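Letters A, B and C name the chains as they come in the text, with residue numbers starting at 1 for each one.
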């Protein structure tokens, strides 16, 4: 759901959105929310970059960084999960209140509560992420501790010859309920962008493009899912090859994985 | 490090190796883990000291390898009721799940849900495991016997109360309803949506107040093993 | 037979039983093999004496059960026994940690801590690994199901009890193990939805008595004991 990836060719660049990639003009395209587990996690990562004590971290610059990050993503016309936008709206509100303290002292208490709540939320998630790491470092069975390799079996008091786990039971009941209901098999309509559609769209748009224009610019607006973006990118690329073969347009790519540019043939 | 410490340390290593192995380990395999100037026999002699006659376990040579075995006298005593655990059959698991979620439920109702008739052995297995028990009779014609789960069932599955079973929403959220998203809160409603609704013992999965027939209630209350409290 | 001999004899029996099994055996199962006037804990204390620090195998308490496991210190010499572990996703591991440290905890509370909704499949994996189990329902509206860790979780991570979780005391002292709406409530409130303001009261502390009062945030944040970087 937070799977936003504008890189048309691969998403090999792991890590967090602000990781740089070679050319500066490309940098903005690599905003990538894949590495985050939600808005608080993103905020926590921004906070960690400041290498400050989370308990004392200044909320205002953090809010600004978050908003800048989201704005970058929005400028690129990316779909951003609702959670991220709710947080952005809330931080924008918080920011305005921090910049313009309310003359009424009661209202200012509320701001203190809000910043404290945010700090607490960050601290708590940080604590749990640390806890997860510590769990991983415990001496695990099968890794650092081993059970008897050749167990011998004797009766226990329960004398159960048959055994089943709770998971087995629940999964089994889930299956019964799923299959017992009247089933209507619906095949979700695929929203993959066909090459034909892309070619049609390119033919229409290309005549007005006398300057080299990046391929992504030709993608339809409102692509809501990363899969749609990828699908549209792929079909537009294939269509552009076809149209280049027909002599309708020209293609340019400066190096491997560099952006692909298109322009109309007429003005060549 | 003194040579004694070193010997103890290597003894611990070989002891752990033999313990974790699924088959007897040969001298040659054990020697790999020792420095050249140490001999398996010497090191195993140290391990052997721990498993003296008062231990329930003995270190023994099996063929040309080393293994731990339960001491024969004890093994013989325990062996008398040796069992081999096998996974419950799919049919038995299905019946158990249906009983757990729909109790009290009659045999006919189980068959209706599964769409096939119950073979005798299936209920027998569950009874033998003491995971199910009779839960009184329906006050409908023929007064059919109903079935429910027992405290042993809760114990085996690590539940403190039958209401700990995840409802449909929970199952769906946990990804256990693989098909069909239309079920909604089925668990919370299905007790009342058929002709069972006029039965006196309609089981409402939503609260733990079991309304049961008189004589059964007594059994339930007398059952010392049952612990109605949630959250041990 | 003297009572000492008797104790030694039963110690050997329990030692054999636990040693023979690859899974922890519960006190209850062991008690079955003892006379009524003997207690598992007393007998296991005798067994424990045999396995001192020089042993390659240790007797571990796992919840209300017992198991023999090789000592972590010699793990590197047992490389060949290592099983291939399918790594858990970051999300699943985080959810596991949250459940372990905050149990019993509802799904909504897990989501609140992470600030993101749980994707399907995360709980499914943890349930399939048998590391989590239902822990009863909250007595709040909707009676939501709570989750906790299982004995298999303790065994896998080498813990004898949930209180052995690393850093548990520090986190508790720092007030970081409180559940319930924090930011969410404020965000709802600011969205102008006034009746959302009493969301923070819906948490019913029926288990460990943490209730969310006004100044707990302050306590948590000011608590000098907690070091955000704390990682032993």
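Everything that follows uses one rule, which is that a contact is a pair of C-beta atoms (placed from the backbone, for glycine too) under 8 Å apart; a residue touches a chain by one contact, two chains touch by 3 or more.
All values reported here derive from a predicted model rather than from experimental measurement.
Ranking A-C and A-B by contacting C-beta pairs places A-C first.
Put simply, the chain nearest the middle, going by average C-alpha positions, is C.
Computed centre separation for the pair chain B/chain C is 20 angstrom, with centres defined by C-alpha atoms.
Between the CA-based centres of chain A and chain C the separation comes to 31 Å, rounded to the whole angstrom. One inter-chain figure worth recording: chain A and chain B are separated by 41 Å, centre to centre, where each centre is the mean of the chain's CA atoms. For chain B, residues touching at least two other chains, in rising order: 16, 19-21, 68, 70, 75, 78, 158-159, 165-166, 174, 176.
The set of chain A residues that touch two or more partner chains comprises 146-149, 152-154, 158, 165-166, 170-171. On chain B, the positions that touch chain C within their shared complex are 8, 11-17, 19-21, 33, 47, 50, 54-57, 68, 70-71, 74-75, 77-78, 158-161, 163-167, 170, 173-176, 206, 230-231. Contact residues of chain C toward chain A in the complex are 17, 19-23, 25, 28-29, 31-33, 67-72, 75, 78, 81-83, 85, 90-91, 93-94, 96-98, 100-101, 113-117, 119, 127-128, 130, 133, 155-159, 165-167, 171, 174, 176, 178, 182-183, 186-187, 190, 217-218, 220-221, 226, 228, 230-232.
Residues of chain A touching chain B in their complex: 146-150, 152-155, 158-166, 168-181, 183. Looking at the complex, you find that chain A touches chain C at residues 1, 37-41, 53-55, 83, 86-87, 90, 93, 113-114, 116-121, 123-136, 138-149, 151-154, 156-158, 165-167, 170-171. Chain C makes touch with chain B in their complex at residues 8, 11-17, 19-20, 47, 50-51, 54-57, 68, 70-71, 74, 77-78, 81, 104, 107, 118, 120-124, 127, 133-137, 143, 145, 150-151, 206-207.
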